[in-house]
Amino acid sequence: MRRLEIILSRFVWFIPTLFGLLLVVFLIANVVPTDPARIIAGENATEAQLAILRAQLGLDEPIYVQFFIYVRDLLSGDMGRSLYTQREISDDLLRRLPATMELTLVSITLAILIGVPFGVISAIRANTWVDQTLRVISVSGLAVASFWFAIELQLFFSTRLGWMPLNGRIAGFGPERITGFLLIDSVITGDWASLRSAMWHLILPTLTLALPAAATLLRFTRAGVLEVINSNYVLYETAMGFPRALVVWKYVLRNALISTVTQIGLIFGTLFAGAVVVEAVFDWPGLGTYAVQSILQSDTKAILGFSILVGVVFIGINLLVDIVHTFIDPRMVK
Amino acid sequence: MKSRLLALSVALALGVSSGAVAQSRYVHANNSSYDTLDPHTVFDVARVASRLNFYDGLYRWVDNPPELIPWLATGHEVSEDGLTWTFTLRDDVPFHDGRMMTAEDVVYSVERMLAIARGSAALFLPVLDPGNTVAVDEHTVAFTLKEPSALFGSFVADLLVLNSELVKENEVDGDWGQAFLTENVAGSGSFTLTRYDPALGFIGTRFADHFAGWGENYLDEIEFRTVLETNTRIQGLMRGDYHGLDGYLAPDQVQRLRASDAVQIFEEESMRVFYFAVHNGREPMDDLNFRKVLAHAFDYDGYINGIMQGTVARNPTINPNNLWGVPDVEPYTYDLDKAREYLELVEGPIRTLRIGTLAGFSETEQAAALLQNGLAQLGINVEIESAPWPVVSSNMQDPDTMYDMVPLWKSTYYADPNNWVGELYGSRYAPTRNASAYHNPESNELLEEALVETDQARRAELYEEATRIIYEDAAGIWIYNTKWFGPYSSRLQGVRFSPVGNGQDMRWAYFED
Amino acid sequence: MKAIRILLTDRAATFGSGIILFLVAVAILAPWIAPHPGDVNTFHLMNRLQPPSAENLFGTDRMGSDIFSRILFGARITITIAVIAVGVAVIIGVPIGLLAGYYGGFLGGFLMRTSDVFLAVPQIVLAIAIAQTLGPSLENVILALSLTYWPFWARLVYAETRALKNQTFVEAAIALGASDFRVIVLHILPNTASAIIVRTSIGMGATILTAAALGFLGLGAPPPTPEWGRMISESREYLPEAWWYATAPGIAIFLVVMGFNLLGDGLRDILDPKTRRRGGK
């Protein structure tokens, strides 16, 4: 019952939080009144043209009316039209979402594959040179500016060695769009060349994104494993003569991973944020480049749409983490 | 190497799947994204490729210096009073779906462009009202202008004609087919749309039935991709991933590309003047002496030979040197002593000046920093404010929010002096295009006269005189005229550069075997 | 004093504080130790993009300025941004956390939900939006970072305050008739201090990274300000030939952030025994 209560209370807060977010972003976006009509008209604008455009866009309404209209349209799934791309914003966002999702999902997988095993090794070999080395690497991983790291990777692996593609998701246009996830679409269509190309293009961006995430996971896993190793029951099992490897995998890891799982949820969020910058470096056609572009173009409605989408994804992930948490951590439900 | 093979194999796979043999595909890396294919909503140079290759205008700009050749129209006549322009259309123009073009298509296209009021409508709205275009017969169309215009003939290259029946079928709630045309093409242009993804770009296939016919050599397919990062575009071209880039590269990049065997660089004198727009309506720049201080405080030589490494030519006035209507004047020089002399004639302490630069366009930032440096030596403080182009541009259109100075380029929208001196310093274009708030009755009268005068020699005189007055007024700081460095794969032949289309009209180009 | 002595026994923390002290020293002394102090805004256009040499330790940039000197001056900007932005975030966040934690109820709920709103989007996204709307400048970057970072401190202090409120010594103080203000300032705040200090040290690192990212995206101080993130973004046009251009500022950012992170880790061990790196010693 308690679990349901927790989950429900989280759901109840979902809507007001989202509304608050909407309000905050709407206000931010309208603090300085840049004139969208002028932006559309560009450098060749004439006054007559501006008048027509202002009327078209409904810019003569007071700001609170604009907000009201915006929320009303949003409820029917209409985020408006982008000033710059002149396309439906919801359409733009949905088209780009899979690119970002693919990038972050592969990155988080990579981060788990690196961070968790090395975290365990680091804990088991605590205070040896292995541990020290891994800790230096993980501290460094958190201190690197991702955009700089990305550029250096490009310089070395793409430019100097010529091993990796420089940018983009795929050579050419890729397979027919079904899910928007290139890895999945190329498998469905049996287009193996595209699959290889897509995987090849994923390497550098995911490496950049996964580095800080792997470092965080390594630190948490190490701390978690150490705590369990030093707890009484593990000492007991070891004293009973169970093989060390069995103890580690069977008892230690399962308990230690509770905090790691929570961490993975949070990391997914930071990866989403990191994607904004990394996508900009690698010309990744995802939400991040879209956000940076619309911000640079002062495309208010597109920025709003992006923030809302990311907000929903973010709040959704946190909700999910909370729910998962109630299942794996019995203390919470007590 | 590996990824080049990969790219090749992907290209082959796609080529085979579209059912043809040995297709030649030209891949172009562009610096902005093709968010919409609608030819009437955008009018920027960066996204010109979709307009040029999918659509046709009544006339077409080719070559350098730009020449206007008959295209969908075979010619035109102007009435005695200069108000009615009658164009005779070709009768052999098929749209991509096979339907033949008629005068009705032209009328629909004009009305649509004026109604949605975006893009190239900026050229037409001042001279043409909706409802004043009529189809005289199936292949004749007549425009009745609001006032006589010497320029209308050069605007019609930007009157891109849509397949009106196809668009009408796809109209939703009277949107003039805007939703449809964002992602689809309804034109008669040299290429038909094969694939489009706003995040990536587009692929076009040669339209074999194009009315202008094809030579012996041509490209089968064109792919225009968005690659936002300059460095990536250059690397990609050198690796052979791309076959062409947008021109106007920084000199350091040109040098780098020159070193590569895979790349050839077409060098053309262009018409794109780099200058500082100076707010003439605000103190202290409303004082001629202070404007002379500015004109003498910029290190032209350092900029052109240091930063631009001598790849551009000094341009003493706002009109590009290689155009007609340019007066013969001595360029202002970097001379701080002279600047000091003028500064003594300016009353009172000088406030801190504000320069707005275009974020991401390092030439503007470097120019601003250089001017800041020159003025600092005269004891004048300058603050630099960097903002994205749309923000700078919209600030410039209002005299209250206009910066004190903005370094920027004026590109060719139509090859006529009015594109430069007229729009930037003529009173009728204030405040939106004449952002300098420059109003001089003497030069303005000449510019106005040139707008209606039809005698070419007389027009040249008028523009020369007006430009000289504005030069003597030091209404701006004019720096250089750009060279266009078109970087292409060494295998590509036949590229036809025109300052208006930026060398992206691909119907003339082909790969050497 | 004791804390400092313990801090010095932790190798990582010592190293971290060493880097930070060095950075502060460099920032203060920049005009004297920089070989070309004028190069922040004077140029040598005939000496552009030169590789590292005895004259220009880290090479020269697109304006022919000495990158080494510019990095030194950049330290000032980095410190200013981090200190003010984090300072303001603490000043906004801590009182909100205290009030919400102490009073709870509707006020507490409202304040915490407000902070949730700010936490609902990645910080960099909000910061980009704010910095962009207000126009790119140093002040606006600081403002954007403060406005997006305060909820972290609010949440932290809120949680600590909730826990402390039920402690006997706080209850005793309330029973003795101490005013709310007195209880909050004299009894609760000092006990949340260590958590705030640890969070602040790590927050500095994160703030420097975000500020650099904003500079990289062109939203920071305008040129020719020697801001590290901006220097990296400038360098992209000249890569790979001018490899030194991006290298130096990238390493500078790395070292500083590392310094704050190591210090934060060390401080956590000392001030917050609960989360001490188990088995670390």
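Labels A, B and C are assigned to the chains in the order they are written; within every chain, residues are numbered from 1.
To be clear about the criterion, a residue touches a chain if its C-beta (ideal position, glycine included) is under 8 Å from a C-beta of that chain, and two chains touch if they have at least 3 such contacts.
No experiment lies behind these values; they were computed from the predicted model shown.
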item: Pairwise touch network: line, ring, star, complete, or other; value: complete
item: Higher-contact pair (C-beta pairs counted), B-C versus A-B; value: A-B
item: By mean Cα position, the chain sitting nearest the middle; value: A
item: Rounded Å distance, chain A centre to chain C centre (Cα mean); value: 22
item: Whole-Å gap separating chain B and chain C, where each centre is the average of the chain's CA atoms; value: 44
item: Geometric centre distance via CA averages, chain B-chain A, whole Å; value: 38
item: Where chain B touches two or more other chains at once, by residue number; value: 229, 359-360, 388, 391
item: Chain C: positions in contact with at least two other chains; value: 132, 135, 218, 236, 239
item: Overlap residues in chain A, where contacts from two or more other chains coincide; value: 159, 280, 296, 298
item: Residue numbers on chain C that touch chain B, as the complex places them; value: 41-43, 45-46, 48-49, 62-64, 132, 135-137, 218, 222-224, 234, 236-239, 241
item: Residues of chain A touching chain C in the complex; value: 13, 16-18, 20-21, 24-25, 28-29, 31-32, 123, 126-127, 139-140, 142-149, 151-152, 155, 159-160, 223, 226-227, 229-230, 269-270, 272-273, 276-277, 280, 291-292, 295-296, 298, 303, 306-307, 310-311, 314-315
item: Residue ranges of chain C in contact with chain A within the complex; value: 12, 113-114, 116-118, 120-126, 128-130, 132-135, 205, 209, 212-213, 216-218, 229, 232-233, 236, 239-240, 243, 246-247, 249-250, 253-255, 257-258, 261-262, 265, 277-280
item: Contact footprint of chain B on chain A as seen in their complex; value: 34-35, 38-50, 52-53, 56, 82, 84-88, 92, 95-96, 99, 158-159, 162-168, 170-173, 177, 191, 193-194, 196-197, 200, 280-281, 283, 285-286, 289-290, 293, 296-298
item: Chain B to chain C touching residues, read off their complex; value: 229-231, 250, 252-253, 256, 299, 302-303, 305-307, 357, 359-360, 362, 365-366, 368-370, 372-373, 376, 384-388, 391
